[in-house]
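A single structure is presented below for examination.
For clarity, chains are labelled A, B, C and D in written order, and residue numbers in each chain start from 1.
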Amino acid sequence: ARLVFYGLFALQHRGQESAGIASYDGSRIHSKKNIGLVSQVFSESDITRLSGMDAIGHTRYSTTGASDIRNVQPFLVDSRNGPIALAHNGNIVNAIEIRQSLFARGVGLTSASDTELMIMTLAGAAGETWVERIRNAMTTWIGAYSFVVLTQEGVFAARDRWGMRPLCWGRTAEGAVVFASETCALATLGCSEFHDIEAGNIVSCDSRGTIGIDPGTGKAHSASCIFEFVYFSRPDSNWNGQAVHEVRTRFGAELARSAPADADLVIPVPDSSISAAIGYARESGIPYGEAFVKNRYIGRTFIEPTTSLRKRGVALKFNVLRDAVKGRRVVVIDDSIVRGNTVKPLVALLRNAGAVQVHVRVASPPVHFPCRMGVDMGEYDELVANRMSPEELAVWSGADSLAYLSLELVGKVIGNRDDYCAACFSGKYPFPVERSSLKSSFEF
Amino acid sequence: ARLVFYGLFALQHRGQESAGIASYDGSRIHSKKNIGLVSQVFSESDITRLSGMDAIGHTRYSTTGASDIRNVQPFLVDSRNGPIALAHNGNIVNAIEIRQSLFARGVGLTSASDTELMIMTLAGAAGETWVERIRNAMTTWIGAYSFVVLTQEGVFAARDRWGMRPLCWGRTAEGAVVFASETCALATLGCSEFHDIEAGNIVSCDSRGTIGIDPGTGKAHSASCIFEFVYFSRPDSNWNGQAVHEVRTRFGAELARSAPADADLVIPVPDSSISAAIGYARESGIPYGEAFVKNRYIGRTFIEPTTSLRKRGVALKFNVLRDAVKGRRVVVIDDSIVRGNTVKPLVALLRNAGAVQVHVRVASPPVHFPCRMGVDMGEYDELVANRMSPEELAVWSGADSLAYLSLELVGKVIGNRDDYCAACFSGKYPFPVERSSLKSSFEF
Amino acid sequence: ARLVFYGLFALQHRGQESAGIASYDGSRIHSKKNIGLVSQVFSESDITRLSGMDAIGHTRYSTTGASDIRNVQPFLVDSRNGPIALAHNGNIVNAIEIRQSLFARGVGLTSASDTELMIMTLAGAAGETWVERIRNAMTTWIGAYSFVVLTQEGVFAARDRWGMRPLCWGRTAEGAVVFASETCALATLGCSEFHDIEAGNIVSCDSRGTIGIDPGTGKAHSASCIFEFVYFSRPDSNWNGQAVHEVRTRFGAELARSAPADADLVIPVPDSSISAAIGYARESGIPYGEAFVKNRYIGRTFIEPTTSLRKRGVALKFNVLRDAVKGRRVVVIDDSIVRGNTVKPLVALLRNAGAVQVHVRVASPPVHFPCRMGVDMGEYDELVANRMSPEELAVWSGADSLAYLSLELVGKVIGNRDDYCAACFSGKYPFPVERSSLKSSFEF
Amino acid sequence: ARLVFYGLFALQHRGQESAGIASYDGSRIHSKKNIGLVSQVFSESDITRLSGMDAIGHTRYSTTGASDIRNVQPFLVDSRNGPIALAHNGNIVNAIEIRQSLFARGVGLTSASDTELMIMTLAGAAGETWVERIRNAMTTWIGAYSFVVLTQEGVFAARDRWGMRPLCWGRTAEGAVVFASETCALATLGCSEFHDIEAGNIVSCDSRGTIGIDPGTGKAHSASCIFEFVYFSRPDSNWNGQAVHEVRTRFGAELARSAPADADLVIPVPDSSISAAIGYARESGIPYGEAFVKNRYIGRTFIEPTTSLRKRGVALKFNVLRDAVKGRRVVVIDDSIVRGNTVKPLVALLRNAGAVQVHVRVASPPVHFPCRMGVDMGEYDELVANRMSPEELAVWSGADSLAYLSLELVGKVIGNRDDYCAACFSGKYPFPVERSSLKSSFEF
């Protein structure tokens, strides 16, 4: 549990709503979970209590906004095959169908979480072994899911057959096997080797640290989430054989070539655009600088601002280094524009600080379609690209120019473009999806 | 929920470990539950949030000692027939069998509570209506259970076919239907009429307050818990047509006849023995008095006492009115002796205060057998009657004499003796029972 | 601290709003205090942390209603004479004057508590020793105060020169010295000898348990609070050489003689009237019985009742044993009538249960004057005796008759009547008082 | 209070231990304060409750490590001149003397905070007006202190006569006057003009927003804290007429000239070294890059790491972008080296990632002396510069070279060098200081 605790810190960027750990000590499963950041949820006495050599953990990112203690992972049940704990990243798109089939066999459900559906499916899945049961359960689930299961027979980690969300494993110098969504967590814990888990595969680890790899459901057409490279993953992670920072730097370089700007300074919107800005600066030869200072503490506050502060919008989160931009022509690099709330106040901040030109460059294509596989992008009418062309957006935001990186160039950087899901840009979903969300009849 | 809240106060003596309320507002079920007394669990804003015209509540008495938030009732699930909330009083004796059959149909379980088994049975029970489903579920449950179920179609209240635990209903002056374990709660809420629910029956109440009575599983041989009269129920409740206070007063009177004592004063061990002491005093003609002052606040504390305080044992909870007993011959009435921890220090307190004789009279028979139907009496070797005869107990405790009320006389007072379960005194259980307790594999 | 913790339970009836303990370990003072009952405030780890051989504690009764963490005792300050902790029972009537004199010497104050005034007075009091400083401080304070002070030189306990509030000391079998407001706490901790501290005296106890008695300010005319006998003290306490239970029993007997009733049953309003009811029954020869069952859990709840429940008023707290009163003529004994909220609904409960006559007898005189010395009786217009004669009160409440015990007979029972403050009955205050309450300018 | 709340976010970097706000509504002072970050301490209902047009707030940085609710600011007292709330930044070096003089006039103290000393001094200070009282109090205080006082007559802000800590004011577009430690908070709240408060001055603001400037104690020899430029202030703040980011960029440039390195890449230790690294890169012509990814969530955790994690030390907080440094010669810029815990593991991270050379450049001089004026640098033996020369430190840390920026060059960048306190580098304190810390005798 102590290793898991430190590993969760490295994955906190993937979910800040809640956190949990479950451990197995050879006879019982111990668990602690709560709403809050990793640093808030666990005390030293919790970690001490979470005894045993096997443990799994989770940090949750809410795609719904409502934070509900019932949805905090890992989920735990006793089943005919012993106790199970499950933590998962992703979104099951046929959740309503799964829910009906569980109801049909007389299961009662306590939450609106697809993780509960998954653990109840596992509790009733056919099969002699956990690998068989997990495989049988996976064949019924459509969507994005990378998950870990803690049982009396060890830990199992598996990825959906489309390989949508990342999942990898490594081994520390001391021999501990670590599963994690991103390699940055493996690095933090001191692993020297990193392995992606293949799409559809089920990787098992028993309490001696022996690894077994089962083909599981096998691969479908590959549909890795392209947005992991654009925004979601940490720059120090590697995925599908590529370093995220390098990919983003090359996004920036391609952007410099495809959408050049005559300017004095290239600045990132911190923090996720730094790599692309460095790439743009190098390729264009325009000096790199910092101009926005981000208030790292403001986070999600639920305190209503005053009217005058509300007008400042996202500018509350950013101050400008006035001397850095005064009298200069500035290129601002943003990793993506989704709802478009940020761009206008940021341009205004630069203008007020004396920038003579402001050119916005976006290191990814316009987002036209909602994600149904676990990234909260909003619905059609919330996506600014569905309301304004790049030119209109430039005018509206007060920028001198605004350009996106094309999907072709994104594909060029990444390589085998067809292996990625770019539904948010292209509308081509890897399987039929519909908007539908589970609802619990209960409110606590 | 507001009515339920006040009703729970009247039933707090039946369980002080945790409390909960669930309400249904026509579309959702709202719930609040936690470890603690009723006064600690609910705030005004909770009660306001618990909207709707239908509500159920519960106070929990732990027969295991461990308090676990997972066991707090009501339990809630979504099911194929809509949301359900369930609260129950009693103990299912074939819980392990029920658990296995739920596992067999692929249900995962999250607690060691028999209430979860009941709600999952209901979630999968066959039947077109809730009455049918409840009846079908009840046929599989053996044990003591009085329960209420909140559904979209109203509230259902039912009692096991042996009629072991009480359950009654009434109607307030304003027309609200109230179900409760004891009539004292009906009286508190202002009901003027009280009805016992018959063993095996299912009583329904829709949102207009219409009552329906279904024969349910029908009656088995009646086995109402005799200990409700001895100790558990509040003296101001009525059950099976008798007022608890009156029954206890007659226990006291029979005790005075069968085990007289030559004494100056009759005193109760507060609070549950007051009725019997009044009966003993009246029948014997010996004046009634109070001599023990009980510290009502000490309750269950988890602070380790000092060595010298530990020696004082239960005496920490009681002080003696020295002038009341000094130089007197005293009859102490206790409602029952189970583990026997109390009698010795109480006798010592009276001796130290100057009582010249102390006669202990117990208004019920010796407890020889554990209860498997929901009263925590301890196991065989914990029951003092299995280790000492009345005479030995008198000597050990320092009393001049000690006598119990015989089971025959208890029967004489109550009337139809065969309709009661007196297994704790006689060892005749109404159905086969075995010691077995559910265990969850999880620890939170 | 462990002894103090158990002692506080025995004094919980004197204050249920908050609790605190401070201990001195030879170098530092450790403290824990909070809003809540003793059982809620302290955990085992708190008690363990409160190390040292000297400790004081407090339970607070709020005369203002507002519960504020700043007012929780003991108060603690560092001073030129080392650290001090102080806990006190009573009310300083010249608080505004003391506050002004502290302001004048440049002290800043953080609360509206007279305890803070006392500890700041002590922090600046002249004197070579703590006894001198305490004596000098006491000469400036007018009012009721029994207090304990924890210093590096031991514990000091003192009572105001009028002897208004009780304060006593004893020694356990193991040799520990215990100070307490009432002897019931000494008895609970196993003390065999009880000593009242004389009015104006300062009793010291060093860490070896050596007791020193200093005459302090000396006695003024004695003015012990008569309401301690009427209501406030526990029946098992002794004060001024008399057992509280015995005094109350004799109040009941005098009441039977001065205000007889032709009736079948004498019943108390539980719990504080039981002693007087026993006295009334014995003297009158009318049988004693119980008819009201009090809900001990309902306490102070802040949940608004429904309209129908509100109409039931205090009846929510009491049920009646219907069979006990049906068709009977009943004498109800109450210890006192202050605001008069209780009497009407209690009479109605008895009538509804079938009592044919209800005679109310009050074991103390009518309360006409507010207490300024620490008992929250309300102001003039809140006292029902200022609005209705006994006859009017009988009619209004629906009783067949209603009578008080006269102040003369109270005096007769207690003996040296002039040594007691009966200002609430007579209006004769022991010193000039005026209505005035401290207010803090802060709200947390 | 709502403005103050948002302002505190902008100052959160100055103290993350606790936060508080006090507001005055014309009759009372409302206050909320607690341990935790700004985002954790305040709820919407707190902010609503904190009514009034005048408010002050504080975020606390603990120089002692122990977090104690008693030390959370603002402090509040009632005084002879009405209620006062006070928040301060800095450290009083003659605190023990002040404490003795307060004791001497009979004040009791509840904490070990110098803020309590300040507010008690004010409560007893002579003077007809608050400006006079504040001036009189300030003449007795030696040390670094910038503070704000909330009274019935408005808000007063003042700086010690050495001008050690920053304090400025501005006015929002809506006309609200804002006082803050740094201009970044003024900018966040939308102020367009920024004014430094002069050393020794007292600036008042009444409830109409009228500003008054009083010379106060007048200036001593100026001794502004040079470490504010090196590390403490946010880069987007201005102080003493200079932009912090610009000063740091010029530190980097001077460092590039005085300690050049033959390398391929300049990288900062995020976040405080970014400005200096940009300056170094520009001056040297070596490309700027990012190589360390900081885990922003790990913060201060109190969970003990495993042995293997402990060995990784600060590396737990940083991952390296392997591809960015592999095969390269790297210059790492750090803003300062104080205890020296960070440098060795950071160099190791770069080496393991394949850096062929690692040159450490520090954008400030070696720290040889503890700060007594409010920056927690540790004691003499904790300062690595007192144990190792730059060359030794390079060898020990595994770097190819290591160089500091000289104090001369720091002075050259800042300009009027004599106006700054550089005691941590030079040992020349602006007034006699001694190591001494206040201690409370209490532990809660």
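In the analysis below, a residue touches a chain if its C-beta (ideal position, glycine included) is under 8 Å from a C-beta of that chain, and two chains touch if they have at least 3 such contacts.
These figures come from a predicted structure and were not determined experimentally.
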item: Separation of chain C from chain A in steps, with touching chains one step apart; value: 2
item: Most widely separated chain from chain C, with each centre as the mean of CA atoms; value: A
item: Whole-Å gap between the CA centroids of chain A and chain D; value: 35
item: Cα-centroid distance, chain B relative to chain D, in whole angstrom; value: 62
item: Distance from chain D to chain C - Cα centre to Cα centre, in angstrom; value: 51
item: Topology of the chain contact graph, where touching chains are joined (line, ring, star, complete, other); value: ring
item: Residues of chain B that touch chain C when the two form their complex; value: 2-3, 5-6, 9-10, 12-13, 37-40, 42-44, 47, 172-174, 184, 187-190, 234-236, 243, 245-246, 274-275, 278, 282, 287-290, 293, 295-306, 308-309, 312, 316, 319-324
item: Chain D - residues contacting chain C, complex; value: 28-32, 49, 76-80, 82-84, 100, 103-110, 119-120, 122-125, 440-444
